Amino acid sequence: CSAAAQAQSNVTLYGDLDEYLGYIHSSSGAHITGLNDGTSLRSRLGFRGVEDLGAGYQAKFQLESGFNADSGTQADSARFFDRQSWVGINTPVGEFRLGRQNTEIQQIGGAIDYTERTTFGSIVNTFGVPSRYDNDISYKSPRIAGFQGTVHYALAEQPGGGHAQSAIYQLAVDYTNGPYRAGYAGIAAKPAPATAANLATHLDNKVQYHNLYADYDYGQGKVYLAYVRSNNITANASGLTAGTILSNVASPNNLFPGTDANARRYFNVYQVSADYRVAPQLRVGALYGVIKDKSGGDAGAKGGNVGAYYDMSKRTTLYGFANYMKNDANAGFRFSGSAGPSANLAGADINGKGLTGLQAGIIHRF
Amino acid sequence: CSAAAQAQSNVTLYGDLDEYLGYIHSSSGAHITGLNDGTSLRSRLGFRGVEDLGAGYQAKFQLESGFNADSGTQADSARFFDRQSWVGINTPVGEFRLGRQNTEIQQIGGAIDYTERTTFGSIVNTFGVPSRYDNDISYKSPRIAGFQGTVHYALAEQPGGGHAQSAIYQLAVDYTNGPYRAGYAGIAAKPAPATAANLATHLDNKVQYHNLYADYDYGQGKVYLAYVRSNNITANASGLTAGTILSNVASPNNLFPGTDANARRYFNVYQVSADYRVAPQLRVGALYGVIKDKSGGDAGAKGGNVGAYYDMSKRTTLYGFANYMKNDANAGFRFSGSAGPSANLAGADINGKGLTGLQAGIIHRF
Amino acid sequence: CSAAAQAQSNVTLYGDLDEYLGYIHSSSGAHITGLNDGTSLRSRLGFRGVEDLGAGYQAKFQLESGFNADSGTQADSARFFDRQSWVGINTPVGEFRLGRQNTEIQQIGGAIDYTERTTFGSIVNTFGVPSRYDNDISYKSPRIAGFQGTVHYALAEQPGGGHAQSAIYQLAVDYTNGPYRAGYAGIAAKPAPATAANLATHLDNKVQYHNLYADYDYGQGKVYLAYVRSNNITANASGLTAGTILSNVASPNNLFPGTDANARRYFNVYQVSADYRVAPQLRVGALYGVIKDKSGGDAGAKGGNVGAYYDMSKRTTLYGFANYMKNDANAGFRFSGSAGPSANLAGADINGKGLTGLQAGIIHRF
C-alpha cells in the first residue's frame, strides 16, 4: 500500500445519495412532479476521523455537508458543513464535543418510526424537527445498565450579561434492553431579553420540543410508538403551520426575539408504525399519526403511509411510499422527507387541504 | 493496508487543475492579460464510486465540483457539485442515472476537435455548448455493433399539468469502428406556456442544438469534422451574441419563458481540425471554423487556432495556443475555454471586432 | 490494498479543527463569551498531491478550504478554496506556482512568535497580516548556504496598459543556521491609476508591509523577535484601526482605488516572545508587543499574553491563553486568532479601550 494512501488513513470519507421521483396531489386539484433529494437519507458527503490517544481516550471529528443530488446545490447555502462540524474527546467517563452538532431529537430518528422519521408520510417529520445548532457543547455518558444520557448547551453569542439564559438546552436519555428501546429527547430555549423596540410584543415563552419514544423488536420487524409535545410551530409563506419559531440556527448567533405569539400554541403529536421483513432483502411498513392543536385553533393534521424498502446490497436500496395527510382547517403542514421537495405547491393548495404523495427512488451509501 | 484506508475504497477522489496565462487583444486596440482557469479542462474536484451488485448490475455515483484555481472560487456559486451530481444503476441492458448530469453534447467534446472542443480557438466552443441540467433522468444503451444511444429527460418542476412538455430532451447516437467515429448529439426544449403577463411577446419556438461529428484516426493523429445547428444564442451585457437562451440550468426549475425573439434566429457552425503527434510527448494541431447566421443578420464569426500539447507525464501537460476570431458586424462572440477568462474586455471591444488570443499553461490531473 | 484505495494515492486529504471558548472583556465593562474557531490554526480541509516527473522535477498542487468549525460555515463565503488553490512545478532550480497562494508573510508565522503569530495576544497578528492573493505567480529558490528567496507577482487583471504597475509584489528571504533563523518578508502594491471620478482624492501611495524576524533556539525553547512596518491600516465599522487598505484580495481583481488617506499613516510594530518546554508534552510561553503610530495620531496599541500548549498526541493539542491589549486613544485594534471570534464587541467598546481575553480549546490535526 502506498505511503500516500496510508497518509489518508486519518480521514474516512463517507456519505450517500438519495434521489426519488416525487408526486404531490392536493385536494384543491393542484399537483406537481419532481426529481427530489432525500426521501429518507438527505444526500451528504462527510469526513470523519478517530485518533486513539491511549488510556481509553480518543480524539474525534466529523464534518458533514448536505446537498441536493438532483441539482448539486448545497443543502444550506450559508454553511458548507451544515449537518455536522465538531471536534471532541471521548474519555472513559463519556464523550465531549464542540461545534455544530445534530440535536439528540434528530439523532434518534431510527427509534421514532419505520422510515427513520423521514418520508412524506411520517407525521412526526411533517410536524418539524429541530435538527442542529451552532456553538453547541455536548456531553454523552457511557451506556450504563442500558441507560445513556446526553446534554447539550448551545451558546447565544451576545455581548452583555443577560443572554446566557437564552442558550439552547438539550437533554436526552435512551434505554435499550434486548428487543426493547425507549427514551426521551428534548430541547428548550428562552428568547432574547425584550428590547425597547419589541417591548409591546415580547413574550417570555420558552420554545420547547419534547419527544418520547418506545420500540419493540418482534423478530421479523419492529413496532414504534412516538409522542411529541411542542410549541415550535409558526406560519410562513409556505403555509399556516409550515414554519418553526426556533430554527436550526436561531439567527443571529442562536438567539430568537420572542415576539411570535404562536409560541403560546402547543401541539401534541401521536404516531404508531411497524415494519415487517418479508424477505432478507424486502421490508414493508405502515404508519399512522395525528397532530393535535391543543390550543383549540383547529390547526392539526393526521395521516400516514405504507412503504417498502428493497436492499440491492448493504449499501444500495430501492424504495417506494404512498402517503396521505389531511390538514385541519387552519393548518398548513407540508410533506417533507429528509429534505423538502425541490419544488412544491403554493400555500393555498396546502392550507386546510388533503395531500397525497408518492415517492419512488434509490439510496446509495458510500 | 490500514482499515481506515480500506474504508475509503468506496470513494475515489479525482480532479485536475488547469491554469494558464491568457492574453486577449481586440482590433479596437483594447487588450487584457490574466491568470485564468481552464484552457481545456476546467479545474475540478470529484468524488465517484462503483459498487458491484452482482449479476451484471452496479450502483454508481459521481459528484463533481468545478472551481477557478486562480482564485479558489467555485465555478458556480449556487451549486457546489455544479458539474455532476447523480446516482445510477448500470444493468446488462444499459445504464440509468438520476440527477444533475452533463449533456451528451458536452460529453462528446473529445470527438469535436483536437482541443476537446475547448480553448479560445474552438469555434464550436465559442458558439456555446449546453453543458448540463438539473433534475435529469438518462438512459445509455450498451454499445452494440459499434452503436451506442443515449436519451435524457430533465423535468420542469412546475405545479399544474401544462409543463411536462417544457422538459429538456436529449438524444445522442455515437458510432465507433476501428479508426472511425461519428455521431449525433442534440437537445430540444419548449418554453413554458404563455402567461397573461407575457402573452404579447411569447413565442412557441423550441430551443434546439444539433451536433453532428466525424473523426478519423490516421495513426499519427486525428482529423475532426463538426457541424452544429442551433437557435440557442442571444445578446447579453457582454456582447450581441455572447449569451444563451437556454442556460445550463433553465431557471426556475428548468423552465424558460419563451419571450426571447432571438429564438427565431438559427446559426450553422462548421469546423475542421486535425492534430499530429510529433513525438511521444508532443502533439500539435490546427483548427478552422465558421459560424453562419442563417437569418441574414450578419451575426456570424470565423476563426481558428494552432496549438501544442507537451506531456510531462500521463497526468501533467504543458500547452500553448495562438487563436484568432473575427466577429461579423452584428456579432459579439467571445473567446472561452473550458471556463471563461476571469476578467475580460468590454462588449464594445468585442462586438464586430477581430480578436487575437494567446494561452500558455499547465494541466495537472489527479 | 484495494485498487480503489490505490487510485486515491494521488491525493492526500489533510486539515485540522481548532475550537475554543473565548471570553473578551473591555474596559468599558462590555464582555462577550463565544465558541470560536481558530485560536491558532483556523479549521481547514485540504487536498494536496505531488507527482514525480523524474530528473528532479515534480508536479504539485494544493487546495485548502478554511471553515468555522463552530458553525460549519466557510471562512470565505465567496471562495471554497479560500486559503490555497495553486498548481506548480518543482525543478532543480526552484519551484514555480500559479494560483491563489499564501503570502510569504503569512507563511513565516512560525518564525514570528511562540503562538505561530496567532492567538488574541500576538500583537503582530492583531495589527493585521496580508495573507493571500488571487492570480499569484511565485518562484521559490532552493535553500543555498542557509538562504532561501521567494518572489510573488499577483496580476491586476484589468483591460488596458496602465494597470500592470498595480500588481501586488512580494519578496522574501529566509536564513537558517543551526539554532538561528532570521529573515524578511514584504509586500508592496500601487493603487489603480486615478480616474476622472476619484481624481480629487486619489493618492499615489503604495501600500506596504515589511516584516523582519529573528529566532534563537536555546534547546528548551525559542526566543522570537519581530518587527513590522506598514501603512496597511484603515478604519472600518468595527473600529478606528480594525481594517486593512489592501485586503486578502484587492477587489476587483487585485486592484485598489488609492483613495484612502490612511495610506499616509505608517505604523511600526515591535514584538518579543519566548517559550519553554516544561515537559515533553507541555510548552509555556509569553509575549509582549507594541504598535506605534508613527504619524503621531495616537493610534497605536500595546499588549501581550501568556499561554500553554499541552500535546495529547502529535495530532491533538489542548491550549490556554490569557491576553491583554490596550488601544491608544484613537486606535481600535481587535483581538483576533487565526480567525476572528464569531461574535464580537461593538466598536465603541474597542476604540481607545483596554481588552482582556481568555482562550481555552483544542486543536486536532488530520
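Lettered A, B and C in written order, each chain numbered from 1.
We take it that a contact is a pair of C-beta atoms (placed from the backbone, for glycine too) under 8 Å apart; a residue touches a chain by one contact, two chains touch by 3 or more.
Small disclaimer: the values here were computed from a predicted structure and weren't measured.
Although subunit B and subunit C carry the same sequence, what matters here is overlap: shared residue numbers make up under half of all numbers found at their interface.
Note: Cα superposition of subunit A onto subunit B, rotation of 120 degrees, nearest 5.
Centroid to centroid, with C-alpha atoms defining each point, subunit B and subunit C lie 39 Å apart. The residues of subunit B that reach two or more other chains are 1, 5, 8, 10-11, 13, 49, 65, 80, listed in rising order. Taken together, the subunit C residues at the contact with subunit B in this complex read 1-5, 7-8, 10-11, 13, 47, 49, 51, 53, 57, 59-61, 63, 76, 78-87, 89, 98-100, 134-137, 155, 157-161, 164, 249, 252-253. Of all residues in subunit A, those touching subunit B in their complex are 1, 5-6, 8-15, 17, 19, 30-35, 45, 49, 65, 67-74, 77, 80, 312-313, 315-316, 342-343, 345-346, 349, 361-362, 364, 366.
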